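Should a chain be cited, it is by its letter among A, B and C, assigned in written order, with residues numbered from 1 in that chain.
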Amino acid sequence: MSSSAVMRTEKLQKVYRTGATETPALRGVDLELEEREFTATAGPSGSGKSTLLHLLGGLDRPTDGEIYLDGRAMSGLSKDELARLRLTRIGFVFQAYNLIPVLTVVENTAFVLELQGIPYRERIRRARAILAELRVDKYADQFPNRLSGGEQQRVAVARAVVSDPAIVLADEPTANLDTKTSLDLIDLMRRMNEEHETTFLFATHDTRLLDRVDRVIHLEDGRIARDERVR
Amino acid sequence: MTGMVRMAWRNLWRHPQRTLLMTGIVAFGSLVILILFGVTDGFVGSMTAAQVAENQGSFQVRTAAYADDPVLENALSPEQLTAAQAALTGMRLAGIAPRLEVGAMLRSAYGTDGVALRGVDPIAEKSVTHPDEMIADGRYLMGSGEILLSSVLAEELDVRIGERIVVVVGGSAGVKSQAFVTVGLFRPTIVEMERVAIAPLDTLRKLTGIEGATTLAVSLPGGTAAGRAVAEARRLLAAHPDIAVADYFDLNPLARVMISGSTIKLIPFVIMISLLAGFGVANTTFYSVLERTREFGVMTAVGMSRKTLAGVVLLESALVGAMGFLVGGGIGYAGLLYLGRDGIDFSSFVRDVGGSLGMPTVIYAATSGWYWVAAFSVVVFTVIAAAWYPARRANQLEPVTAIREG
Amino acid sequence: MKVALRHLVRNRRRTLLTLLAVLIPVYFLVFMFGFANANLRDMFETATRFDTGHAQIRAVPTKATGSAIPLMRDPSDALAALAEVKEIEWWTVRLDLPAMASVGERSRTIYVRGIVPEEVDPVSGLADRIVAGESLATGTGGVVVGEELALLLKLEVGDEIVLLGAHPEAALGAIRAPVVGVYRAPEAALGRTVIYADLSTARQLARSETAATAIVLRVAGVTGPGDQTALDRAVNDLRANLPAGYEVQDWLELVPMVATYMGILTPALLIVGAIFFALGGLVVLNTIYLSVLERTRELGLILALGAARRRVVRMILAEAGAIAVAGAVGGAVTGVGLILVVEAFGGIPLWGAAAQMMREIGMSPVLHLSANFVQVALSTASMTAVAVLAAWWPARRASRLEPMEAMRYVE
């Protein structure tokens, strides 16, 4: 067990109950994510990728097992403490509709900072800087519905990294994009990973993206089938 | 926080028509409540003002016994009258006038009418109820043996200026009568005063054999708080237990019932209107929360606390409430200004039903008062009640479900 | 229709709120009309039984008489004419005289009302209103005074009262009469001003054997304020029969307060009704608009599949209609139900100062309610109409959708 692990899980289990039927989505996942790692999780549909990300991000609670973030167990935290944790330590990127339609691009990016109580000038400055790094600063004052899907996802990445979280979780961020845009987005994420020293974990179906990551965790039927270091 | 307000505001204008509808509902509700309260309040205010200015003065000093048994025997004696006037000299008064009031019968060549005959000190009374300013025909009292009639009485009795009229009163020496010369006709705005005849105090004293006065009417300079003045007068007269101070409500015991009655009657209205407006706002707010489930999921995912989220929802309806209140209040204020300036003429109604209660014939709406607070708190209540459930739903939102269902 | 109902069920909460928004105005209006009806009936009963009758025959005034009623020297010709009008089921001769009443040193201007007790009692129930002493009997020469007057003059049963008649058309008479009873008037003002005497006693005061001021009468088939047409017919028949010098006034002319009250009540209720209908209508408009918005994609699909626009309008109006009918009928049922419940418990009694005020203006201190079928039906129907009308705009909006546009609609 390395001390540089940002996130660690122990025998993580998740069972969904709908009425009488039980769907086990995760059946005991032990996992460690090192600092600055750029990791993908892959696997067939229904293998539990989204479930894993949601649990790691504190959006949902495991049925059994434990998650440690920065060495601290997450199971003891209240809902509000979890929200606080997401605000400061975790960034999220979803498949689509990531942005709040009534806020401009820069406001969307600065939203997390605003929730943290950072003063207006400071947060706008930081948001613009990140947008520039992701090459979407020219849309800063537009509303999200004017942007293409790829541009929207880049803004979502900007929002995820702007608060300098310990880890960014991205659930199929490229699923709605064409190949070229997808590769672009992954490259940009990679750059963020390197320049800001942020840990990334993203779920994908797309095998073409897998040669651009450090490590691939293959999920099958709620278990880690293979955990390979690519680089 | 400003960011949250901005977000709530922009959220509202995602669907302008929807928001305008909600605003309209709130505006309509607050408009109705304002007008209702304004007219009611104005009604009460006009009633009090007209009574004070034309009939009673701000308060009256009488013997303690007179309130229960208003007969001549219970009049203030000349000594009591002097004592009372001396006691009140320390107060800042606009006027103070003794009156001798007695039920009388007027007989003209043609008809008979029962009236309240009011003996006044012609000079002193001018600074209390200004009867000289109400004269519509003829002139004010100048010498003894003269009488002023309301124009209604004069018409009923077919009496003209300069003609004689016989006054019949019962006094300590039995029923007595005397002829008076009609010198002037006055036109009051309160119906009660239409059955009043005014004559000089000394003539009536001779006729009835009563030397003092039944009451001492007092008027206050403009802007004086009547309640405080009455309290002060009571304190100054505390040494005379046989002398009592009667304020507006003592003189009009039914006015208090009418005032509270007319306000209480509005409460079911206010509740119903709040309910209706609340339904309108609740429907829309709930719908807009449902519609944004996924968006709310993303916001909680990036770390917004659910309390803040519920706050944004509340803020949205609070903004609608504020806009509605501004619009409704603006229109309501204009309406009340208009009604307050021109008045609502209720004379035909009042003549038939309200005379005995001392209602004025023209009612001016009040444009300011506590009912603004009432209307606003109704709006606030409506909005909070309407947004409660939606906000609670936002507060209970499970981020995973919200994101998966999107 | 089935589709409309299904939509309503789908959004149960919203449907319920809207239903209430339709229900409340109807309920409120039915209830308020109930109050007004009972109020009017109350006024009618008090006025026609105790004071004015359904109508009166009076002498046509030839000159001003103050507040005195013009005198009829001998009303026998009018009585003869009256007997020929068959709708008139009851009448009695009355003499009202302005007078000065004195007891010891106290005196008041009042009216002496000379009546024929055995004719008046069965209708007015004066005998039942006696609170002290006994009622009036023909030929005894005593008088009955109101509670309020007894208080003002410090009178008790058995005291003597001096009455000084002052009718401007009659000779001045004075009598000394014993007070045999005290009555409780339905209206404080009456109790303060009216002293009842036997007709012959009152005639002594006017120094005439035959004088009267009114023939008070009741018309067959008139039982409430709604029977004005029957009353008008009888009054017209009577007018045609009467000799010159007489006129007929019905109770509304004799108690203009009630006429004014009725005149104010109707517009006031209509204004209140309109306010509530407008609010209810706005809420319905809002709901239907929301439901159209929510189904934009679905409606687009229906249109794309080739449905006629009229059909879409009809579908949405059906939805609004279902809410409107259910809400309005529900409001009428709860309103009438509440009225029935309140009446089953005997009305709402007032107490203290409020009761005193009701008495002061001549109304019963127990609030009653009475439902009128026509009003209930009209309230229900108009609210339904308002609600369906309110749905018209969103319905049209829905039918104007461009199918492809609508199907692309998100949010």
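The criterion applied here is as follows: a contact is a pair of C-beta atoms (placed from the backbone, for glycine too) under 8 Å apart; a residue touches a chain by one contact, two chains touch by 3 or more.
Computed from a prediction, not measured in an experiment: that's the story for all the values here.
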Two chains joined by the most C-beta pairs in contact, as defined above: B-C
Chain ID, smallest distance between chain and overall C-alpha centroids: B
Between chain A and chain C, centroid-to-centroid distance (C-alpha), Å: 74
Euclidean distance of C-alpha centroids - chain B vs chain C, Å: 26
Whole-Å gap between the CA centroids of chain A and chain B: 67
Sites on chain B at which at least two other chains make contact: 14
For the chain B and chain A complex, residues of the former touching the latter: 3, 7, 10-11, 14, 294-295, 298-308, 398-400, 403-404, 406
Of all residues in chain A, those that touch chain B in their complex: 50, 54, 57, 59-60, 79-80, 83-88, 90-92, 94, 97-103, 107, 111-112, 114-115, 159-160
Residue numbers on chain B that touch chain C, as the complex places them: 14-15, 17-18, 21-22, 24-25, 28-29, 32, 69, 71-73, 103-108, 110-115, 155-158, 168-172, 174-175, 253-254, 256-258, 261, 268-269, 272-273, 275-277, 279-280, 282-284, 286-287, 291, 348-349, 352-353, 356-357
For the chain C and chain B complex, residues of the former touching the latter: 13-14, 17-18, 20-21, 24-25, 28, 63-68, 98, 100, 102, 105-110, 154, 164, 166-168, 189, 193, 256-257, 259-261, 264, 272, 275-276, 278-280, 282-283, 285-287, 289-290, 293-294, 353-354, 356-357, 360-361, 411
